[in-house]
Amino acid sequence: MMIEEILTEDKIENGYKEMGYAKLDSDRKERTGFAEVVFCSGKTVEQLKDIYKHIYEEEGEVLGTRASKEQYLALKESFPEIVYDELSRILKIEKCDKEHLGNVVVCSAGTADMPVAEEAAQTAEFFGVKVIRIYDVGVSGIHRLLAKTNELKAANCVIAVAGMEGALPSVIGGLVKNPVIAVPTSVGYGASFQGLSALLTMINSCANGIAVVNIDNGYGAGYLATQMNRLALGI
Amino acid sequence: MMIEEILTEDKIENGYKEMGYAKLDSDRKERTGFAEVVFCSGKTVEQLKDIYKHIYEEEGEVLGTRASKEQYLALKESFPEIVYDELSRILKIEKCDKEHLGNVVVCSAGTADMPVAEEAAQTAEFFGVKVIRIYDVGVSGIHRLLAKTNELKAANCVIAVAGMEGALPSVIGGLVKNPVIAVPTSVGYGASFQGLSALLTMINSCANGIAVVNIDNGYGAGYLATQMNRLALGI
Amino acid sequence: MMIEEILTEDKIENGYKEMGYAKLDSDRKERTGFAEVVFCSGKTVEQLKDIYKHIYEEEGEVLGTRASKEQYLALKESFPEIVYDELSRILKIEKCDKEHLGNVVVCSAGTADMPVAEEAAQTAEFFGVKVIRIYDVGVSGIHRLLAKTNELKAANCVIAVAGMEGALPSVIGGLVKNPVIAVPTSVGYGASFQGLSALLTMINSCANGIAVVNIDNGYGAGYLATQMNRLALGI
Amino acid sequence: MMIEEILTEDKIENGYKEMGYAKLDSDRKERTGFAEVVFCSGKTVEQLKDIYKHIYEEEGEVLGTRASKEQYLALKESFPEIVYDELSRILKIEKCDKEHLGNVVVCSAGTADMPVAEEAAQTAEFFGVKVIRIYDVGVSGIHRLLAKTNELKAANCVIAVAGMEGALPSVIGGLVKNPVIAVPTSVGYGASFQGLSALLTMINSCANGIAVVNIDNGYGAGYLATQMNRLALGI
Amino acid sequence: MMIEEILTEDKIENGYKEMGYAKLDSDRKERTGFAEVVFCSGKTVEQLKDIYKHIYEEEGEVLGTRASKEQYLALKESFPEIVYDELSRILKIEKCDKEHLGNVVVCSAGTADMPVAEEAAQTAEFFGVKVIRIYDVGVSGIHRLLAKTNELKAANCVIAVAGMEGALPSVIGGLVKNPVIAVPTSVGYGASFQGLSALLTMINSCANGIAVVNIDNGYGAGYLATQMNRLALGI
Amino acid sequence: MMIEEILTEDKIENGYKEMGYAKLDSDRKERTGFAEVVFCSGKTVEQLKDIYKHIYEEEGEVLGTRASKEQYLALKESFPEIVYDELSRILKIEKCDKEHLGNVVVCSAGTADMPVAEEAAQTAEFFGVKVIRIYDVGVSGIHRLLAKTNELKAANCVIAVAGMEGALPSVIGGLVKNPVIAVPTSVGYGASFQGLSALLTMINSCANGIAVVNIDNGYGAGYLATQMNRLALGI
Amino acid sequence: MMIEEILTEDKIENGYKEMGYAKLDSDRKERTGFAEVVFCSGKTVEQLKDIYKHIYEEEGEVLGTRASKEQYLALKESFPEIVYDELSRILKIEKCDKEHLGNVVVCSAGTADMPVAEEAAQTAEFFGVKVIRIYDVGVSGIHRLLAKTNELKAANCVIAVAGMEGALPSVIGGLVKNPVIAVPTSVGYGASFQGLSALLTMINSCANGIAVVNIDNGYGAGYLATQMNRLALGI
Amino acid sequence: MMIEEILTEDKIENGYKEMGYAKLDSDRKERTGFAEVVFCSGKTVEQLKDIYKHIYEEEGEVLGTRASKEQYLALKESFPEIVYDELSRILKIEKCDKEHLGNVVVCSAGTADMPVAEEAAQTAEFFGVKVIRIYDVGVSGIHRLLAKTNELKAANCVIAVAGMEGALPSVIGGLVKNPVIAVPTSVGYGASFQGLSALLTMINSCANGIAVVNIDNGYGAGYLATQMNRLALGI
């Protein structure tokens, strides 16, 4: 059978929708409480239109990550209500009047870590979380972080985003009683090895309660924070 | 000043107790909700006796990890009620009648991962968590894991312990709505590189809601699970 | 002697054809049962024309991999019957009426793994194998894979293509009795290290019967699958 | 529940036997055609006795790998017919009169690679394969390998075991039409990095039809060879 | 010529003393201001006796690092005034009445880092530096470090010794105006990779004025601190 | 709250100025003796204008590193006195009549290391240091370096910049009594791994008194040299 | 002093010519028997013109490596007799009537390795060596290499250039009595890691007499081969 | 066939002697000019006796490397004339009255590198080379090396042995006209990574004419030096 034939198939099976090049996991919300999110990078415009259309029909909203401006402009024709944020590269259609509950703090070490921090923050907001941002509080000017101790202590969980040496989560972990989600970023140069150094720092943290996700994985951090926030809310 | 002089100092300062070779963080419970835990590996018997004595006086109980049988036998003289578990290497003095609340599931992929899984489970239990153990459910016999789907879905969080290729958390992550704490172990040989391969697998997981800790860090997973369990309990 | 002189030589020796910059292995089909396949990447258009011409005359068909669209357009002038697939980057002249025998299943974990999966599938088809495609069955939605258990069990071998954490082959390996060819892909970001993480996952698989090839090496997987399929067919 | 209680449970569930510290995969033979094999390293004598007893009752024979002499001596008391091979570290109880069919060749590059080569050969023999051994045919004395070309060409598959630079599979791959299973070993020093160099060599082989397994994984190679041999035999 | 003959040679050449197996750099003090220091690890007792004797005759004192207790006991016979410190593994003969000038602070993150911190501190003291020790001030209990801000700010330079995630120098670097010498230690487990993670953290520090030395290189840090202290003293 | 709102906030807090995307560390000069320096790479023109304006108002001068020509041209409109050096990529507004004191030597191994060497030299000069440049004195023509021995010995510290094998600091370290700041560069190819090889060389130096900074971190070397120079000057 | 001033200096010192940005090693031919060779990559056209002019005046010929076509076109105006080879990227002005002596064989594994092989061959030819080229003799078609055994055995040394798994030097090393210079190339994909795999293969070769140089370092191989050839010629 | 049967076979085939566990390469001297050398590490005493006996009968002498004292004592019974050197771990039976010709210099950077340097020197001497030893001339005291410039310049080739940062070959390479064989050693600690750092330093050397062998491969260096020395002697 030719690949073209496969790609035009469109059938429903148990718990997923067969699209040939993809099997949309329609059962996912049932299992995990979250509808499928679209990783836009590397998908063609045609694939994206198809997938956004299908999820929009099912859920009434769609969250996409790692989208390019080109993808945004192409999808805008079909979905005029679509919104794109250049910093976080999030491309979404979102229901109005969404309520934001709980309390998650997103910290970043430096200005250059903001794209990842925003991906985390906006992901959590899309999933209904109330988010507080505290940016540019890297450990080399520790008074900036300590000035925010009360906000940190009040959070259900803290997302700490840092590149270079990635020391921020260790310091925060020693200040709070709830979990810290550590996000290494690829910010840095030389021996930062595109975030590997920051990842190792976070994995080896001497502080307790540090949950590490992949380099630049703001989305994953926002998702995990939403889960923790929901635990606290009893959802 | 000679190092010997330093080591015999014993003074109280703001928020910590100066022991010369250590500064016991007496303020920690206030900040984080957890008293200090002792990482026994590499400490001398004299240091351990000192530290256990101090924490025991403050807290009425002590949790130690990575203890050797020699350390246990030496401390047993001073603390007859001390308990040692050879599998998890946990060395503790624990209050009786401790209540265990909430619901955390600890899974392990293979029999060889049990020491790390038990360190995680017993840490959480020490902190008052109700723990369910599901062992030897590696992905190469997936029916064994799927038979436990209901237990997994009911947990406030799942700790997934795996060495070799470390695929277990990815499969569990797709089945549950709460966070999965992924613990790579150094179990394996050849290209497992003492757990590095499993660590990379977990950091790169295609599933959402995966929080990774260091290789063999059962204690860290138990701590993080306790935090999540407390969020769910509203403690 | 100048390099230009070498490059214009064209002589036949024992078991190979001397082309100066290459020694076409005319004895290969005799030894291995497969004619030489062209790795197009990095070759000039002139070299490709020469090589395609020579193999075409010998074999009546040519298989090339990793070709660019530019190479295709340039060769189309000389070989109007040449066919190019942008997804798999395969550039081939193929005999009509080729019979496809046996049964090889090609699975992929995600949509982004399709280029590699197609390189594998189309390579095997070129060599006369009957191929079934099962795409987007990554382990984070395990029900999609399990729904295809019968197809997997019926195959002479299964090619499992996955990037990111690369867990797919381990799960399939536990379901089937025939070999699984594991192909890591460079799909992912951060700590995926261009496929190294997936490669390590597959090499360390806790399942049995996993044969690993290089990152993104769809061609190698298709070749190996053809060999296994031929064993089953008694060719 | 205490770990001791778990370890004394002994109940049968769907497709596996719950032993607390392990879930014996009783369904495995049904699914994969192979009964469970015991990875002895790291298991206690008590666990091994239990597991050997259970498998022996089910299958009438048991294959164990990576066993120590101590484990052998301890199990010999309970299973007088048990056999231990110090070179390959295989510890097995095997049915008499086993027929060996098909044709698998096991090659090794150097004398120091023999333990891994024997693990591969004896695993395949346990599973009923007829094995031919060709040892010490490393590429630095290529005439020794070429003298065996006919044996290599006649095999359903060839297992090539090599440490140091690991070049053997590439040369064999160019001589035969059936698959070559490449096993890197940890033999070497300096920049061999415990087999990593040989693994990379084999994964990057310029020859086709090379299936790579983990460093020192003779068992995995023997298993994979058995699968290929069965394909050829139509079993 | 036989190696034995070489080893018994004993001649003086320009700027060094030929001992066959070593060329003692008698010109070194002239060039660098420091007499040669003995790296004891791996040297035989005979070699050590020879070298200590020679330096003692030249300088009236000797500093050795990485010595074992066995080496100490063996040398004690020849040099009754020799002193050994088990923690730092320093083995020295030191002039009495040495004056200690200037101000260097040595910090360590945890108790397990003390051997390296002491090697640094005692090296600097041997070279005439006044040293202040501040131990167990890891970043997960940041108040312990901040309580010492005045001592840190007053130092000519600060040596910061840390294993695990190695974040200590970054925080100190943001508090002081003079250089921070960062010493990664091999303390940790799992992904600490014997100090590599801490080394990378320190090399990538977002703070300014961080000078990094090799893993566990307390001696090197003490030497560098002495140089900086001498600059401040105008020596 | 939307990110746009945050970015327009402009308030002063304790010891830092909140700019939403950044917290300018106004307390830094107080603590460390150095005003904040701008890492231009990755910042937008708007952010840069804002930051340069703020620092210029506070300090009367600004130092920026890793600037592009585009950034220079854009800022030139607002700050006509701004100066850009293409080699070092330094973008600065500098007070006139600055006095240069002390003595720091900057050496480079090859011509290709000059951009990093100049970043170091110009950073130190901006901070008021008198700098001597000695370029292209790599160890493969050791007479070129030795001809400068007197200049090297006279320096308060030497910055040694080298890519490829990075041996230069080891040789200089053996010639001088003051510290050597070693800067690995990403100059090289093949197994230089973008400076990792040179970094490892310098970290493992057999010479004493070597302080290593990150790959290509000329700025960090210049800062550290300034600190040492100030120690010598008693500033 | 400003960098511009330095760059315009032009003075002669002992054994080298000071050009500010470079110190041309005029003593090199005296010491090593080879005039300085220009590594063109990363140098400006102005620098190149200067350097070529100086060497040309001294030696009457110039050898440059890693040159771009742009550099060639720019230098052609000043040096009409300059010759550029796009394959090897060698840019040279060469004396006529150069005699080529001795016997060096350059082998390459695949067509894609030719640029490096040619850099090696043409470097040796520039230095007066008689070179024989044997290309595309990778080990997966071993008969092509064995057909050239006599040429290989007759060489004073053999340069073996290979990417991917890099096995070629090991096989040649077992056939000849003189040294084999092994050059890994960055040819390959996936786990070839830009030549690291081939480098490790060659460093770990089980054959004797293998001298390894850096990845893609054809020039270094040609230089080393020239040295060996001169030893054989008694030059 | 059982492995025991294979191991007792003893037959002669074309160009090698079949010993079951080994194929002694009797054709090797013909091809390469060197008889087979025994890598003793990992071989049993029985295997060693067999192999030494066979080679001794053929050649009248035997060279073995990496031998233990236990192996020496065991073989001494059968071969009373056998000689063992604990430093280099060479175990040999050597013809008397061997003439040593030519000129090879062996340098080492530090005392701890002597075992590798001696393996190189004694290997070359066994093969008839006249060797000059220059030890402890590491680059941090460069005057010790420069004092030997004449000896270095006179050698047919220089073997440079160094651990830690491995800079020695680069400096020597700039002083001599003949090849330098660079041997990294595993001497060092921390980020030396068992010789990997020194290996990378040598592979990236900025000097020309550097031939690198594996970490601690003194034997390989001695072999290569013998080949070069023979070229110079016209043997």
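Just so it is clear, A, B, C, D, E, F, G and H label the chains in written order, and each chain counts residues from 1 on its own.
The rule is simple: a contact is a pair of C-beta atoms (placed from the backbone, for glycine too) under 8 Å apart; a residue touches a chain by one contact, two chains touch by 3 or more.
Quick caveat, the model's predicted, so the values are computed rather than measured.
The chains in contact with chain C as well as with chain H are D, G.
More than half of the contact pairs of E-F, counted by residue number, reappear in one of G-H, B-C or E-H; that pair is G-H.
Centroid analysis (C-alpha atoms only) places G farthest from chain B. Here the spacing of chain C and chain G, counted between their Cα centres, is 35 Å. Taking each chain's centre as the mean of its C-alpha atoms, chain A lies 57 Å from chain H. The mean-CA centres of chain B and chain H are about 49 angstrom from one another, to the nearest whole unit.
Residue positions 141, 174-175, 190-192, 196, 199, 203-204, 208, 214 of chain A are each in touch with at least two other chains.
Touching pairs of chains, sorted by label, consist of A-B, A-C, A-E, A-F, B-C, B-D, B-E, C-D, C-G, D-G, D-H, E-F, E-H, F-G, F-H, G-H. Considering their complex, residues 109-110, 138-142, 146, 164-167, 170-171, 173-175, 188, 190-193, 196-198, 200-208 of chain G touch chain D. Interface residues of chain C, counted against chain D in their complex, comprise 31-34, 37, 153, 156-157, 174-179, 181, 199, 203-204, 208-214, 220, 223-224, 227-228, 231-232, 234. Across the interface of their complex, chain H is touched by residues 85, 87, 111-112, 114, 118, 121, 133, 135-137, 141, 143-144, 147, 187, 189-192 of chain D.
Across the interface of their complex, chain B is touched by residues 1, 3, 6, 13-16, 19-23, 25, 27-28, 39, 42-43, 47, 184, 186, 194-196, 199, 214-217 of chain D.
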